[in-house]
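Here come two complexes built around chain A, the first alongside chain B, the second alongside chain C.
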Partner chain A sequence: MTAVPREWRDPAWRGRLTAAIVFAVILGPAFYLTEFNPAVLWSEAGASAVRQFLSTFLPPATSPEFLWMVIEAAWKTVAIATVGMAIAILIAAPAALIATRVLSVSRLAQGRMALWPSALRTGMRWLLIFLRSIPEIVWAMVFVRAVGLGDTAGVMAIGITYGGMLGKVYIEILESADQQATTALLRNGAGRLSSFWYAAFPACLPELLSYTIYRWECAIRASVVMGFVGAGGLGQQMELSMKMLAGGEVLTMLSMFVLLIFMADLVSAALRKVFA
Partner chain B sequence: MSATSDAAAQLTGVGLSYAGGVPALAGVDLHIARGEQVAIIGPSGAGKTTLLSVLACAIRPDAGEVLTLGQCVWQLSSAGLRDLRRRVFLAPQVPPLPPRQRVVHAVLAGRLPRWTVMQALRSLIYPVEAALAHAALAQFQLQDKLYLRCDRLSGGERQRVALARLLVSDAELLLLDEPVSSLDPALSVQALEVLQNEATRRNAALVVSLHAVDLALNRFNRLVGVRSGRIVFDLPRAAVTDALLAELYGAELNQSVQALPEEPAAVLRLSRCT
Partner chain C sequence: MTAPAVRLALGPVVSIAAALGFLLLCIASLSGDWRSFFSVEAMTKMSEFALAFAAPALDLTFLGKLAVASLETLAISFLGTLLAAVGGLALALPAAGRWGRAARGISRLFLNVLRSIPELVWAALTVIAAGLGPFAGTLALALHTTGVLGRLFAESLENVPPEPQASLRHHGVKPLIVFWYATFPQALPQLMSYSLYRWEINIRAAAVLGVVGAGGLGQMLHFHLSLFQFPETASVLIGMIVLVTIVDAISNRVRDRLTL
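Up next is the complex of A and B:
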């Protein structure tokens, strides 16, 4: 090894080695800390508990009134997720436009941004961190107290948390894409917003769209979870059924839920095909 | 300062180093008059692109003074700098076209410095000056590509679409980095002719970097030779001798030959592949 001349050595090697070691050092204690041990599932006590819980699910509830109620709740869940996402985009899109380095004009010449635009961008990033660091279920609990039980609380919780998440990822998508089209327009004196619409946006559209649709799917799931704290939709019904120990109803609703996610996947595949 | 009134661009003692400390430009003095047409030639890595970027107010040099269209570029406010950039057009070497954008919008992006954001958005919904884009493309025989997506074009077509963007702009200082590098010889001549006619019509200064020396000699009256970040010669066409050109490229060639002592081996490897 010592015989290899200096100029042939990969300069990135030492950094990669360090990263691998750091990763292993962090991962080991994490496993230890969580006491992760899948063997517990197969122990006699664990297995019988799981069996008992699942046996209450059969047979699924199929009365027409109940099915109709489930469909209505599912539709409401989709509506909560969709309206919540619309609000999230209204928060995330302007925030990303303000915070992204791609549209910085001061960056063009000096390679780094001027002081106060840089501060504004950092502040915007912090705001997005704040919005998404509080889990949507906590927001939901807050809003259930503020506006009462029901869908509004779910919509607002999704809007705020997902606004923070979308904003962060929009920024990253814009910054990881090829920026030379945007830079060329800015250098020729086009405005920031015009440059965005004529260069950064068409360059990133599939990624932006794909991630937004994925988040919409997550929002459907999240609105179910938030239903448990009274924020409307399928989750609220599921919580009632669980309280009444009606396992059959829970199973029906879970099946509905699988169907919802399956349809969301179809929709996202179709949209991606159109815009790819 | 007396010469600045007729100057499209003037560099005085300009130096620039990129991160890592390698000097890209050193002690560059250059004066380009309004309406003048100049070709920049020199070996790869000589600093041609950096020079054009400095002329375009795109990057700020570490040393020296840049005067563009009579203004002291790096003393301007950011609003003043943007106003100045509207009057300058820099076409980078790689056509800056988003793959999914349609040609009509890629060309009309040249209008953005003049348009408000509302006009820009309106044009994305329905192209407002499609006739203008069509006429610009027609100059490069690409009028039938108007509504095609940019990723459906060949490399040479993309390059000419980026040049058509110049035609719809109304910049007074036109800076083109290897504008015909993907075109065949006949198309190169034709494209340069379109650009030069447009520059003459606008009385705009035109600075073009070219790797095809014969093209530079045939089509430009003034040639600037750049090597290792310095201007080696700045002469009228008639004064550019073969000896000067050999020196401009030749020394570099010798260096590369020294760096690759196993050149015959490369040829052998090539023949084995076929």
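Up next is the complex of A and C:
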């Protein structure tokens, strides 16, 4: 029918055309809503602001007092992440113990869980979902406003969000492992806690540890970012220097930040290798 | 007789002691302002915040603004991810070793720098260049995500089965055409699924980028939270959660179809 030779016809044209149209229909509003305008970057005002700021980047700030302050702030960032993780574990471990189906006794007797235990476990899961569905930086902002600037806000923000995440993953780890040993202990009349300590826990320990260490690494990254809303550590100092357009200080702190992430990466990988 | 038992128990004891010692060191170096955290004033503020979720702000003009901000956040995350996919592919070509080892090393280093600076820090920088608003947020997301996707793309391009490329090349087809007809279509499902996965992460990031003035829901959140308007804050947060859930659902569905 058409003049187009057969071997030129694209057998997938319908799909391609639909995809292209859908894409175009989404892209238009997206460009509009984001006020997409690269010209701003080359405009007089934008370009000169960037040029001025970037020209202050070199040389990086290297006075001994400043370097000492940066190292102290970096250590504080690690401390916030670590104490935050400790609180997260204090939230997640009991929550996982309550919510995991592995330790359900009624499940063993009747094949499925009784009403109340099942409701308690579901409620616990919802609480964990609530904790982790609000980003840590939002918790940090709330705490900064309630308590004031400082590391306590950062610690609690990490504790709460990561408590929610750890709890969920702990439950998944416990439930995906082989449950025979735990079930055998429960069937023979052992208590829930002792079945946990002697069967489920040792079996899952490497995985639990390795995930916790991985999250610790993420917490360090998060605690830098939270500093930007005033929750202490390296981020808070970086925010101050950026506001004052002190590029040299920003460059030093960015390098420190990259170094810190790199080291956390190494330590976490090494530790996970030991425990795995 | 008891010696082996002691030796067995020593490992965990040492590691637990080391972990606890490190934790104590960390606690000691923080300001430890716990009293103000559990003070009556802070507690009432926080319970007000929690209770606001039961009665979020629901008047129509506010909901209208919330809808616009949600769309803005959606657009920021979508466009940021799309730009990053394009930029990431452009950088993945040299990073996959197509133009020699020097180009590979340089582009990998560049991708690492882009990736190791978080979105929020990029946003603080792009706000200076592009001014306050969603465009700065889009750029910030695009920069960080280019670093992430570039590396992932490079790896999937390197891992594509080599036979189709080799056979085209043996027949004298030009490298560019070999790429478009052999390498790219083979890697495409994986590239798409990485991009969609990053979109899920970026919708979360876009929702908070506004905190430094980069538009969308985050900017609204910052505004209402700074004025202690908790019902409005709760509405914005609920909006964020709904938006994230929708994007997750879309992305999951598309990814499922891709892998089939």
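FYI, the second predicted complex is superposed on the first by the 213 of 276 C-alpha atoms of A that agree within 3 Å, B and C clash if a C-alpha of one lies under 4 Å from a C-alpha of the other, contacts with A are read in each partner's own complex, and residues count from 1 in each chain.
One rule holds in what follows: contacts are C-beta pairs under 8 Å (C-beta built on N, C-alpha and C of every residue); 3 or more make two chains touch, one makes a residue touch a chain.
This structure is a prediction, so every number in the text was calculated from the model and none was measured.
Using the contact criterion defined above for the overlaid structures, shared-chain residue A:108 touches chain B, although it does not reach chain C.
When both complexes are overlaid on chain A, the residue A:36 reaches chain C alone and has no touch with chain B. Once the two complexes are laid over each other on the shared chain, residue contacts for A:199 go to chain B alone; chain C is not touched. Once the two complexes are overlaid on the shared chain, A:55 sits clear of chain B and of chain C alike. Contacts of A:141 after superposition on the shared chain: chain C is touched, whereas chain B is not.
Chain A is touched at more residues by one of its partners, and among chain B and chain C that partner is C.
Applying the stated contact rule after C-alpha superposition, one finds that A:79 touches chain C and leaves chain B untouched. Across the complex, chain A meets chain C through its residues 26-27, 29-37, 40-41, 46, 49-50, 53, 75-76, 78-80, 82-83, 86, 133-135, 137-138, 141-143, 145-148, 150-152, 155-156, 221, 224-225, 228-229, 232, 238-239, 242, 245, 254, 257-258, 261-262. For chain B in complex with chain A, the residues that touch the partner chain are 19, 56-60, 74, 78, 81-92, 94, 96-101, 105, 109-110, 112-113, 115, 117, 120-121, 124, 169, 171.
For chain A in complex with chain B, the residues that touch the partner chain are 105-106, 108-111, 114, 180-181, 183-191, 193-195, 197-199, 202-203, 205-206. Partner chain A is touched in their complex by these residues of chain C: 22-23, 25-27, 29-34, 36-37, 39, 41-42, 45-46, 49, 71-72, 74-76, 78-79, 82, 113, 116-118, 120-121, 124-125, 128-131, 133-135, 137-138, 204, 207-208, 211-212, 215, 221-222, 225-226, 228, 237, 240-241, 244.
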